[in-house]
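Each of the two complexes below includes subunit A, the first together with subunit B, the second together with subunit C.
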Partner chain A sequence: MLGTLVPLSAFADASPLEYVGGAVLAAAADSVTIPVNPVYTMLFIEFYGINDGNAKSLYLRFNGDSTSTTYSYQSINATSTTIAGARTTGANQIVLSADTLDASVWQEFTAICVKSTAGTAGQVLVQSAYDPAATIKLELDGAQWGNTSAPFTSVSVVASSNNLAAGTTIAVYGLRG
Partner chain B sequence: MPQALPRYQRKPRVIGRPSGLAQDAIGNGWTLLGYKRLGTAAASITFPFPTGFKELWLICQIIKATSGTVGLTINADGGTDYDKQYLLGNSTGVTGARATGQTSIVLAGSQAIPDAGAGLYSIRVTKELAGAKALVSAGCAVFADLATDALVVSGDAGIWSNTADLMTSVTLTASAGNLAANSVFWLLGSL
Partner chain C sequence: MAVQGFEAYPTYIATGTVASISVPVSPDHTRLMICVYGVNDANSKNIFLRFNTDAGTNYAEQRLDSDSSTVSGGRLTSQTKVAIAAYADTDASSAWLATIMVSKPTAGVVARGTVQCSYMQPTNGITGQSLGFEWTNTTDNITAISITASANNFAAGTRVRVLGSRR
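Coming up: the complex of A and B.
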């Protein structure tokens, strides 16, 4: 059953969960970027991708910001009976896999990104699953994008090397407020 | 002339279902049940909603001027009806703990948001039937300061052991100090 679409005017300072944008790669690419209307203060990202080469990780970036070393992240990574934590600060991106990925390995993640007001940093919560060398891994990341002046205007998933293969899929939803 | 209800108390609206994986497995979309950006500091925030919603998704960024944890209660139940289990990552350390018979589900692995810090919470609550317990699953990230890099991350599970009632409200409460102005909350529900 399809619900009734409520006009956004009914929510002067909030909105329903809206589809912001998405992509399915028809050909391999080193990254995928989804433009974001800056009215959205919360982004929900769903990503399902595959690598076309070895020894790489997935990066998450906002607003094309790759130079300001404003990212930091804390991860919990579980593989078999081993659970590990790690924190990285002053990075150029949020690295979404503690382990590098091999070719033909899929990684799925969902991310909640909130930047509630001017003057605050962007904050991110990521849950991901991936399968490097046939050893499935579970990862939970908390992260921060230290830019305090700009709202979200785009989100990018970037391969650290090689490419994201054709079929890689991303969808971004948003909430205003 | 009747006064308009606060936005979060207005009748929920079915807002359609988004395409893709965000839609409910049984076909219903997420309804925005409540939204609030705090204009002034408050000790807690409560979102009431009709009993028909069996799955909730609460997303919030909580800013704190004074250090404190954040606890979740359902239907204003302050009794010892909550159990929780968490996994907390803090630098290279990962710890877990379980607590039973609690008066709330303290989120983020019981990690306090420090002075001038913030926490990002994504909380799913499911109670499908009267007679069943409510299950809580949350991912949380707590930042020592909005302008610094120190942060922890947690996965939290919880149970509300009340089996008699369906859910009608969810409340977040600061253990000390207040939820600061500009803390922002979205509550989504699925039938």
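Coming up: the complex of A and C.
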């Protein structure tokens, strides 16, 4: 197939990256959940969060699943010149900031989530930046949600304690098929 | 000014086991976002990325690998491929996800991109790879993307999603 040019007209029938849903918090809340139509097998999440207290970590969950202990993730954390890794298994969420965050800390993350069919586990990649005590940090996560019984039907971002402040935003985009 | 978004190619889904997947792309798309959801049918170990099936020594990468508490870096030059996942896997049926962003604005410049990959091994556990890469062929636009298993095959159901943005 090398050298075969794909006419741009071929994209007329292809599934585009569609807006699935989003939210801007008008008041503080301990979590935000975006329903997802199960036709989407790949999700792109963009999240901009602000803590209203010492929210510590953010959790990422799917389908409201907080009890299955089927989440596992491998993290790389970078703070100044220090880089550290950690693997977590048997968790009931993906933890997106391995740190104790101060009040009014922001956290921005983007995530790609794939669950190609209902019978397969969800695979997730996250790139996150956050700012505890005005010292910016970076975290990369590769994660798996081991639940194989259902496609994605919702995405939740949860504060581990206290709340997400008003102004926190999330947008979810999806690809079908 | 017209706003150019990403256009989606039809999803490639492997209907049987395959050792390599090649997806043709339009040279009009100078920015590509590629998402590969793969399952290995045996001990596939490494996963390679190539452009235009070029197996010459035209690739370089700087990588960051994490395996539990161990994080390591490495720079590779004059490579014949980009190693998306470079791991001495001993598990069959490993599931992995990689996102690749690559840009080659014109035919006369080097293609540059980034990869983020997670690799879930049933026994050894989950690992992560992040890398920046170059494809130094300056002759051609990107017309094909190849994802190849270093050994054995990808299982049926392996998917490749490609989005392209025009110059």
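In this section, the second predicted complex is superposed on the first by the 162 of 177 C-alpha atoms of A that agree within 3 Å, B and C clash if a C-alpha of one lies under 4 Å from a C-alpha of the other, contacts with A are read in each partner's own complex, and residues count from 1 in each chain.
The definition used in the following text is that contacts are C-beta pairs under 8 Å (C-beta built on N, C-alpha and C of every residue); 3 or more make two chains touch, one makes a residue touch a chain.
All values reported here derive from a predicted model rather than from experimental measurement.
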Between subunit B and subunit C, whom does A:127 touch in the aligned arrangement: first, second, both, or neither?
both
Who does A:112 touch here: subunit B (first), subunit C (second), both, or neither?
both
After lining up the shared chain so the two structures overlap, which partner does A:36 touch, if you call subunit B first and subunit C second: first, second, both or neither?
neither
Considering only the touch criterion stated at the top, classify A:75 as touching first (subunit B), second (subunit C), both, or neither.
both
Have a look at where A:90 lands relative to subunit B and subunit C in the superposition and call it first, second, both or neither.
first
Would you sort A:19 into first (subunit B), second (subunit C), both or neither based on which partner it touches?
first
For A:144, select first, second, both or neither according to whether it touches subunit B, subunit C, the two together, or no partner.
both
Pick one for A:46: touches subunit B only (first), subunit C only (second), both, or neither.
first
Is A:171 touching anything from subunit B or subunit C once the two structures are fitted on A? First, second, both or neither.
first
Between subunit B and subunit C, which residues of subunit A are contacted by each of them?
1-6, 10-11, 13-17, 41-42, 72-76, 83-87, 89, 112, 114, 116-117, 120-121, 123-125, 127, 140-144, 175, 177
Across the complex, what residues on subunit A touch subunit C?
1-8, 10-11, 13-17, 41-42, 72-76, 83-87, 89, 112, 114, 116-117, 120-121, 123-125, 127, 140-144, 175, 177
Using the touch definition from the top, list the residues of subunit A that touch subunit B in their complex.
1-6, 10-11, 13-19, 22, 41-42, 44, 46, 72-76, 83-87, 89-90, 112, 114, 116-117, 119-121, 123-125, 127, 140-144, 146, 148, 171, 173, 175, 177
Parts of subunit C lying in touch with subunit A, wherever the complex brings them together:
5-11, 13, 22, 24-28, 35, 37, 39, 52-53, 64, 66-71, 95-99, 116-120, 125-130, 143-144, 157, 159, 161, 163, 166
Flag every residue of subunit B that touches subunit A in the complex, lowest number first.
7, 13-22, 27-32, 35, 37, 59, 61, 63, 87, 89-94, 118, 120, 122, 139-143, 146-147, 149, 151-155, 182-184, 186, 188
